[in-house]
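Remarks on the structure that follows.
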Amino acid sequence: MFFASDNTGPVHPDVMAALAAANTGYAPGYGADALMDEVRERIRTVFEAPEAAVYLVATGTAANSLALATLSDPWSTVFCSPVAHIQEDECNAPEFFSGGAKLTLVPGGDRMTPEALRATIAGEETRGVHGPQRGPVSITNVTERGTVYSASDVAALCAVAREFDLPVHLDGARFANALVATNATPAEMTWRAGVDALSFGGTKNGCMGVEAVVFFDPKQAWEFELRRKRGAHLFSKHRYLSAQMAAYVTDDLWLRLARKANDGAVRLARGLKAAGAGFEWEPQANMLFPSFPRRLHKALHEAGAQYYVWEGDLDGSDPEEALTARLVCDWSVSDESIDSFLDVLRS
Amino acid sequence: MFFASDNTGPVHPDVMAALAAANTGYAPGYGADALMDEVRERIRTVFEAPEAAVYLVATGTAANSLALATLSDPWSTVFCSPVAHIQEDECNAPEFFSGGAKLTLVPGGDRMTPEALRATIAGEETRGVHGPQRGPVSITNVTERGTVYSASDVAALCAVAREFDLPVHLDGARFANALVATNATPAEMTWRAGVDALSFGGTKNGCMGVEAVVFFDPKQAWEFELRRKRGAHLFSKHRYLSAQMAAYVTDDLWLRLARKANDGAVRLARGLKAAGAGFEWEPQANMLFPSFPRRLHKALHEAGAQYYVWEGDLDGSDPEEALTARLVCDWSVSDESIDSFLDVLRS
Amino acid sequence: MFFASDNTGPVHPDVMAALAAANTGYAPGYGADALMDEVRERIRTVFEAPEAAVYLVATGTAANSLALATLSDPWSTVFCSPVAHIQEDECNAPEFFSGGAKLTLVPGGDRMTPEALRATIAGEETRGVHGPQRGPVSITNVTERGTVYSASDVAALCAVAREFDLPVHLDGARFANALVATNATPAEMTWRAGVDALSFGGTKNGCMGVEAVVFFDPKQAWEFELRRKRGAHLFSKHRYLSAQMAAYVTDDLWLRLARKANDGAVRLARGLKAAGAGFEWEPQANMLFPSFPRRLHKALHEAGAQYYVWEGDLDGSDPEEALTARLVCDWSVSDESIDSFLDVLRS
Amino acid sequence: MFFASDNTGPVHPDVMAALAAANTGYAPGYGADALMDEVRERIRTVFEAPEAAVYLVATGTAANSLALATLSDPWSTVFCSPVAHIQEDECNAPEFFSGGAKLTLVPGGDRMTPEALRATIAGEETRGVHGPQRGPVSITNVTERGTVYSASDVAALCAVAREFDLPVHLDGARFANALVATNATPAEMTWRAGVDALSFGGTKNGCMGVEAVVFFDPKQAWEFELRRKRGAHLFSKHRYLSAQMAAYVTDDLWLRLARKANDGAVRLARGLKAAGAGFEWEPQANMLFPSFPRRLHKALHEAGAQYYVWEGDLDGSDPEEALTARLVCDWSVSDESIDSFLDVLRS
């Protein structure tokens, strides 16, 4: 009953096997390994983007921060959701890597609407040098509340960005889960919709620690390479990043793992709803925020279930007060684990 | 005949096995894994430093930059050798992470002398706010030219730093090789000598990608943790960093691997000298810079030897002109490989 | 009829005279001039703060950014109003000088309420290293909408900051106008209320270009001096900053000029109200935001009145649509000018 | 007998008069004042550069740091003399404004030679992303040791920069003194020689606090404007910067004042040489570094002479030991003052 995060589970055996297979003989360092050539080609094929610049880093925050820094200026502002990972969970890394760019929060909930985005960008009026300059739009898909933008949702947001001639970054730490949830192709969800740069997550979905950054237009590739090195994110033994990513995008492993995680969430959500749990955000991928009485939370904790109480205090007194949980399924979730969880809930 | 770098060889099987062993069940992320508790304790024991703060990152540049940023102010200057990795090979990462600190180069060759260090620090006179303020001293051991400071050499440099009340950082990307070369204990080479913070390298010596940062006085531990997160260097699936480091410091693996690398370098150096090669820097650890005629370099390249021509142009015309090679032995070097190299040289 | 800004008017003759008087003989540079000693003492006396550290810079953005950078860490966030100058009008200078700190906007209008501030700080939950760390609170008085916090309002906000052990910065670009409007003493409005650092504006109120930064506790004085120099804001011919500020705080010039400006605003507001203008924010100092029909704006512009149309488009079609003006009175405003303005409005 | 610095003397009456004349009526802020239009046109005329972008800031460090930041990237390195103001006297401001660029010191004395510059740039080898990238060359004229580059010296250095396709910045804090010393025209000393951006000093030569930054190619003008604002160096009451600079470049005031200062230095140097003083650097502009016995330094200090003992300790024991003074003449120096100084020396 491990639902704390999609970074607490193990690495998929195929990824481990790829690391072991890569561990033979000598390989040039710093991204010049032959495996990286493979990775680049596979990702270009998967995204139908033969010109794309493709890079690997080890953390999602690095992918986001380096990509955004490349798309922005220190005097510009990034438009994002108030619950974006770059706003809430990166300890000012975007500000750091960009040299002091601002984040402007687009009012709303889990998902930005085109209207709110347009109004926010327009409101960041251009008054010469006085205010921050308008910079990139950053979209998170899957959102931090477990909901999903369809490819056409993304396209609508990109269209707004284009009205103002602004580039678009997609934080795809859970990109595979978003694709599986929407049946969009990688191209549809990204460059065909108008996305310029993608953080393509592997770590949360079965890898050990690897994220790709994909620039669909390679014009800023060299700048990114310098930023990656300067940020201490260029691996010397790079082949072990390559190996993970190569395995990840081989035989649709990434999509199969995401499907497993999403299916687990569907099963979990169904059981939770049947047990009367409420949902502020309709679960669409592998992350759920159900609300149910404190006494059930307590029973689950006693039974060893691991997850975060998202809203409310487990130690409060009223046994019937509804508290919200955050439950995350990763690729390794099992029906047994889900059913054990639901059993406690129903008991 | 692979002597290009100690980051082009494979990961040691024990480290791979530790990764595989760690890949079971669930583990809290972001450094809260139980393996990290083990790592911390083992490193404290190895260094006889029960209070030390111990952190893991994945690259040497991250270890150096984050440690130095923690020890310095944006308006200060770091004292280091002109050939230090932080000066020559990190694409301004120390400047970036410190928020714009300067590096002041202590004149001299591969090793700083206490006299040169003292003169340089003194010369960075204190004229109120006008010049950069004196900041940490950074020592690299093994140096970037394959020579080594003894523990008492380090102590002498630290004593100079203390005269000016400045902290000391030790870039120990090849720390194990330095210890093996000098028979110093970890404590003697670091805090007993006066070192405040250590970059304790694993990647170049058999690991996949892990370096520890050790603060012997934990007073800046929390600041370091924030800097690591903000620098996007905090791993979510942290257990896989822990596993590498745990294996590395178990049963003296780190020292055994360094000894193997250093022994290879001794064998190689002996053969090179016998063959008439000259050495600007006497090899003391696992890195050699022999000079020998161009025609031998050509023969080696034709025979498939891999290494960098450090000084001179392989494509020049005079077959007898001496060019300098950089040869690095890692843990995986074999006597056969060394002897094949020497055979070509002698033929 | 010049109401565009309080930085478009002339310098007060007393300040000009002080500059001329200072322009004799030799004076040490960089703040070591004897006039600066006078300034420091006068400001300490005015604020009843004998230990205060006092510094001069030439722009309000420098004062704010350097003060906030001194009070914050690069990984922290500054709490301020969505309409604060530091948020809207400084082109990311606070982010730049702080090394990448964030600004967290306290929901609400022109003035922060203690409740909103508390909720916002509390909502920036402390989740270890993941989110930005809580940093200083920055209050603007006079606000950017022409309203004023009383000394007890400021104290209430400072009390909230103290609940979370956070320091407080007061952006007093129009500090004199706020004092005149509230009859508070300088001490009551600042350190007695709990303010740690003040940007004490001179430029908008009759000076040429000078702002003091006052730290009521001098413990960070040296850090500020280094930041000021590194920010290129330490004047070599510093005596000409000192001379302005010395004149400004002599014989209550600063309060007399602010009173004149505020009085002008009262006269203007009275006339505007009589003419039927509406006010979203009740004018309390020297800045007004009246709404009146487009046809009157057009008449005023034709008559040569200078001010910004704050909301709405002057070139729209409906002559009766209400547009909002921003009108600012500075020390040099005249009754004639105001009455001419009102005459046009009434005609 | 005031020879401490060219920033300790008074402002020239013409500049004061211009400030007074500008202090009438209303003027738009932030550089939109009509006086700035005049300044721009005059500077373009003076430099025979009708397209040049011209900006004003108040300090030399701001001019240098903002210009260099505009010409560099955070991952690049600036090539300069070891005694450059940007290296020794700006408390890491260039590093701060550039976001962490490095300064690479060209070995040598007061003046860089083309050979040393070429060797240094070449030595900063291009090894992909590992080292800092080659960035702008910064030349100081008058140098910090009182010597001068001729226009053809500057052209020779620029030619080296062009070999590597690098831009050139000229720190002209004492630009007028350099022109007077060499009889070069402003154009010859700058863009005709190959200079891209100039810090054109006013403060040290009779102004109160104003420096122009001139970009001979305006392609980075907007970026500079944003950097200036973000650096808090855009003045709201900008007309008072304009007024100073307008007076400065009217009727050759700037050249006349520099000539007066340089002439004073000639008189002083002649007397010093006659009195037996030695000179490590031959004085060529308005700054001298004579060496003479301690007892004479003591006599001068007792007589009230003000200057810095540059090398050596005034309080040492040997009355005959030679100490080096730094003597600076500004526009306000008088023959009487010089002769009094020399009289003491000769007595």
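Think of it as A, B, C and D in the order they're written, each chain with its own count starting at 1.
Quick note on the criterion: a residue touches a chain if its C-beta (ideal position, glycine included) is under 8 Å from a C-beta of that chain, and two chains touch if they have at least 3 such contacts.
It should be emphasised that the depicted structure is a prediction, and the values quoted were computed from it without experimental measurement.
Visitor: Identify the chains in contact with subunit A as well as subunit B, in label order.
Guide: A chain counts here if it touches both subunit A and subunit B, which gives C, D.
Visitor: Report back the single chain whose CA centre is most distant from the CA centre of subunit B.
Guide: Result for the farthest chain: C.
Visitor: Centroid of subunit B to centroid of subunit C, CA atoms only: how many Å?
Guide: Chain centroid spacing, subunit B to subunit C, equals 51 Å.
Visitor: Determine the centre-to-centre distance between subunit C and subunit D, using the mean Cα coordinates as centres, and give it in whole Å.
Guide: Measuring from centre to centre gives 34 Å for this pair.
Visitor: Take the average of all CA coordinates in subunit A, do the same for subunit C, and state the distance between these two points in whole angstrom.
Guide: Centres of subunit A and subunit C (C-alpha means) sit 41 Å apart.
Visitor: So which bits of subunit C are touching at least two other chains?
Guide: Within subunit C, the residues that touch at least two other chains are 74-75, 90-92, 96, 99-100, 129-130, 133, 226, 229-230, 234.
Visitor: Show me the residue ranges of subunit A that touch subunit C in the complex, using the header's touch definition.
Guide: Contact set of subunit A toward subunit C: 74-77, 88-92, 95-96, 98-103, 105, 129-133.
Visitor: In the complex of these two chains, what residues of subunit D are touching subunit C?
Guide: Per the touch definition, subunit D meets subunit C at residues 2, 4-5, 7-11, 16, 19-20, 23-29, 57-62, 65-66, 90-93, 96-97, 203-204, 208-209, 226, 229-237, 240, 306.
Visitor: What does subunit C use to touch subunit B in their complex?
Guide: 30, 73-75, 99-100, 128-130, 133, 225-230, 234
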